[in-house]
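Each structure below appears as structure tokens.
What follows is a pair of complexes built around subunit A, which joins subunit B in one and subunit C in the other.
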Partner chain A sequence: MSKLFVTFGKDLKLSINGLYFYIEIIMAIVFIAVMLIAVPNEFESNYNYYAVIDSSLAEINVLQEQPENMIIVNSREELEEAMSNDRNSIGVSMTTLNNTLNMEIILQGHESEKLRNFIKAEIEGYFITQEIAVTEHIEIEKLQEHPEKLSDRENILPVYLTINVALMGLFIIAAYIFLDKEEGLVKAYAVAPVKIWSYLASKAMVILVLGLFTSIIVVFSIVQFRVNYFLLMLMIISFNIFGSALGVLITSFYNSMIKAMEALYAVILIMMLGSITYFIPSFNPLWIRVLPVYPMLFSFRELLLNHGDKGYILQNILLFLAIGSVLFYFATKRFEKNLTI
Partner chain B sequence: MVILIKVEGLFHSYTKEKSYAVKDISFDIADGEVFGFLGPSGAGKSTTQGILTGILPLQKGKASVGEYDLKKRDSSMFNIMGVSFEQSNVYGKLTALENLEFYSKLFDVKTMDPMELLKLVGLDHVANNKANTFSKGMKHRLTFVRSMINNPKIWFLDEPTTGLDPSIASTIKNIIRSKNDEGATVFLTTHNMQVADELCDRVAFIIDGEIKLIDSPRNLKLQYGENLVNVEYVKNNEMISENLSLIIDEDKIKLYEIINNYKVETMHTKEATLEEIFIKVTGRGLQ
Partner chain C sequence: MRKILTIFSRDIKSGIRDWLILYLIIAPIMIAFILSLVIPGVSDTNLNIVMTKQNNSINEYLNDFANIEYVDSLEKINERVLKMDDVFGLVPSGDSYKIIAQGNENASMTEALQYIIVNHLNKETSIPISVEISDIGWRESPIKLEATSILLLFTSVFGGMLIMLNLVEEKMSNTLNSINVTTVSRLEFVIGKSLLGFIVPIIGSIGAVIILHYTQINYLHLIVTMLALGLTSVVIGFAIGVYNNEPIAAIASMKGVFMPLILSVAGAMFLSDKLQFLLFWSPFYWAYKNIKDLLLYQASLGQIMINNIFILVISCSVFIILRKRISKGFN
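Take a look at the complex of A and B:
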């Protein structure tokens, strides 16, 4: 174990003397600057309205003019399903009872008081005609008891963290290994009484340290003390081990940087498909949900929420630790045979 | 006689057995011996050394180094082994001293003082300079001393004097001799016959992956040399140069007369060089 830390110390020193270390830090700083300066906490709201109108009102022209972002549905169930699939939407249910026009506004639950008032006023404008004498009764119902939505700025964080922690490791560890191979340094290391796994683990540890450092400064700059940093670190460690182990395993099949990069690029692109669902929640087929990026993104999202699902986070930490360890084992076995060739 | 390196029926292919870089080679190296592995580029020297140092896998045949069977990789083997590479492979972003200090921490046995090692090859004055500022020769010296940091019992040297100026090359040869005197067994891979002649107890000629012969340089010279003496002497104010056989009686008498009657300016035995013998045996040059 002491040889692992000796090797890690050397690799860290080499990294600090290298360019990539600073590129990664500069990228983190640029990301923070863009997020804090250029990206507003909330982009301008552009809600879709789902409306269900009671059949008794069919003959009355309750809707003065149907706006473009309003979709009329047939039932309350249909409305709730549509809203669940479209988190950026608001529902309106119009019924009559004892000559009273009931207007029920259904919100996702994360809307601010200010926004609720705005929505209420806007909907009233759409529906209430001047000609009909009605007694107005408006109710607001939330779809979830503890609903939360990340701000637009925070919503980008899981994407940055997943790329920074898991996906970059794939490329960087491959680059480190091929650079060492090219300069004959792997051979020099291989003729010392050390194990191949310590060589690979040392590289992964350097990437992990860098990932921890940059991720924590980015998260702190954007959400300060609003997240559990212990859980964040566990997630970074777990996802990083997975990413590096996958990178090492893929690298072990190739003898040139170019060929390995082609394969790594393809793997990263496929994995990134998992982010589609993150931005379009209604599109979540099984094949997307099994891609590693999907649980990573949603774990980071849960971490950033005030009432995030810790069970889901811990489950994914353990899952990626286990898969990462298995991948690392196989990568080491392969490299024991071909690292120096 | 204790055998430290044993190789039997060794084959190695880089092309999935379509062709072999090393074909059915066998040899033993005794404890304390300096064994030269000589041949032109691409002959199979580095492949053989690669297998013996665990860098290349043992595909076919048997090989052992010390008590270690090379079929099973055991990293502790490297505690008794030192390997110097033909291509320098040091960390350019670390200083010479940091390179050696890092390497010394990887061993489970007592290691030599890095500064002492740098002094040995004249790099102590640049100990704190980064290796990427070094010339090719300096990097080569650093690679060389790194290989002896663990006082190796078995020392693999690949072209240890290539690219070095004569004075540094002489220092390197003296270090090899001195380590050998202390008991190190040396496996020397080179295409420099002069170095092999000076250092080796036995040499193997390898060409196209096959060993053509193994013997001591002295035996080879006796077997393949022509036993001539070149003498330059002054006769009637004129410098004369003659090659005379030490076997033919007529030449022996003539040599005796020259020594007795004329002023001899120079006289050299004309042994065959290892290079000449190599060409005679293999029909090929060394470049």
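Take a look at the complex of A and C:
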């Protein structure tokens, strides 16, 4: 164990002398500046509605109040053209047919049958409630009295933390290993009384120290004292171990840095798909929920909430520590065989 | 010209020897293949309900609109509702139903569920309006569109990363110094080195759009956009690669490229039109706009060119600012 700390001390000193350390810190400062200066606290929706209203309905005020993002057009052709140029939009056409009001909802075309049924049933249900006052029968029980939501700006923070802590480590550790291979350092390790695991762990620890440092300054700059920093540190340690172990394991399959980078790049891109569900929680297919990034993002979100679910956070800390350790064990086994090749 | 081609062919040769180039071209195509498997082709309903099996027709009714999970007790319903994603619980309450929500769900979704249940309970009530649903025939899923746009942007950035890593390797093995004493001029060397960073992303991106079924895309416009964006990536690749003689700092610097890329895409998606100007500095923003228009088949040559000019002007300005730094790095 003491050898691990000696190796770690040397690695840390070397990285403080290199550029890597400073680049990471500058990146963190740039991120803070962008978040505080350029990112608004709340985003606005970019969704537009196009409506065409039959001239026979001009007398009746069909739209009691026109929403801000609703654009009235003059004809069906104009509506279709506007919708073709703006794929983030829905159309509505109001006509009369045999003295009945006809409302046609015009979608883009990529919507599933279920989604179409849903929109139709929702609108019909709305008109039923206007006919007979029934909404009060549908009681809503809220399990949380004061559910919290992060501001849109704060909501970006978990994505940054996940990339910073778990994903970038994959690249850096691979770069470390190839650098040492190139410079022949690895061969020196083979004859030195240092175990492979402590060589790899020491590299992971350097990345961890930087991850801790940069994440804490970013979180502090944006939410100050609102979070439990002890838990934040535990999360960073656990997710970082997982990321580094995964990086080491993937690297062990490649003999060139560029090839390894490409594989790591693909893994990172696929993992980042987990952020789709993070931003749209109702889009929750199973294949996204099993990506490791998914629980990481939500754990960071819970940490930022005042009354976040600490049990969930702790459970994920333990989970990633366990998976990280298993991955690290296999990576070490593989490297024992082929690191010096 | 001959010297440029010699450098280019040397990179190709060494790349092919260890399968690297093939591998780099195949990677975005493989990712595209995985995306085409996992991303649903249609936009599905976002209404998720957890409930117990009922004897009446409500299960069947809701099945037409929502994704339903069945559990066997109220505790399990509550437990599921409290999980991180948005799922509503539904339990019978007298002759009606009660919705169990966590409380942080989208308000319009909660209302929609109420209306749908009201609709079911009051089937006999006639309303003064008939509702129908139609579409204008656009079958491309928006999630697939965004994922493809991001994949193409990253494919191009990878071209820059390739140049950067190539240069770092040259620096590590000290071959860059040897180049300085040959008859190859610095410009020839730069162009020769850059070609791979332009060509690999173009082939990769064409493969990716075909795999993701955007076969009607205007390939010429796509190539022009990838070339313009390629210049950004190449400038970044050189600026980072030539200055760093070890890969760790170089890769850490790449984070400085990912961050504006991710911010530009997220900003273009989520910022309102009047705030989009905040992103005008970013070549990735203009490239994202181009790629999205191309995938939506609504790109006009004029618009593509204007956006590309923005990308070129920004990349050239960055190059001019970093010119001294890059040329210093060669020595």
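Keep in mind that, in the parts below, the second predicted complex is superposed on the first by the 240 of 341 C-alpha atoms of A that agree within 3 Å, B and C clash if a C-alpha of one lies under 4 Å from a C-alpha of the other, contacts with A are read in each partner's own complex, and residues count from 1 in each chain.
FYI, a residue touches a chain if its C-beta (ideal position, glycine included) is under 8 Å from a C-beta of that chain, and two chains touch if they have at least 3 such contacts.
The structure presented is a predicted model; accordingly, all values stated were derived computationally and were not measured.
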Touched partner set for A:E104, first subunit B, second subunit C, both or neither: second
First, second, both or neither for A:G18, with subunit B first and subunit C second: both
Touched partner set for A:A322, first subunit B, second subunit C, both or neither: neither
First (subunit B), second (subunit C), both or neither touched by A:I72: neither
Residue contacts on subunit A - larger count, subunit B or subunit C: C
Touched partner set for A:P281, first subunit B, second subunit C, both or neither: second
Partner chain in contact with A:S256 - subunit B first, subunit C second, else both or neither: second
Touching partner for A:K10 - first (subunit B), second (subunit C), both, neither: first
Touching partner for A:L36 - first (subunit B), second (subunit C), both, neither: neither
On subunit A, the residue positions that both subunit B and subunit C contact, one per complex: 18, 183
Of all residues in subunit B, those that touch subunit A in their complex: 50, 53-57, 73, 75-79, 81, 83, 85, 87-94, 98, 102-103, 105-108, 143, 146
Touch list for subunit A against partner subunit B, complex: 2-3, 6-7, 10, 13-14, 17-18, 183-185, 187-195, 336-337, 340-341
Subunit C - residues contacting subunit A, complex: 18-20, 23-24, 27, 30-31, 34, 38, 40-48, 64-66, 78, 81-82, 84-87, 93, 96-106, 109-110, 112, 114-122, 125, 127-143, 145, 147, 150-151, 154, 158, 161-162, 165-166, 169, 172, 244, 246-256, 258-259, 262-263, 266-267, 269-273, 275, 278, 296, 298
Subunit A - residues contacting subunit C, complex: 15, 18-20, 23-24, 26-27, 30-31, 34, 38-40, 43-46, 80, 83-85, 87-88, 91, 97, 100-112, 114-132, 134-135, 137-149, 152, 156, 159, 163, 168, 171-172, 175-176, 178-179, 182-183, 255-259, 261-263, 265-266, 269-270, 273, 276-277, 280-285, 287, 289, 298, 301, 309, 312
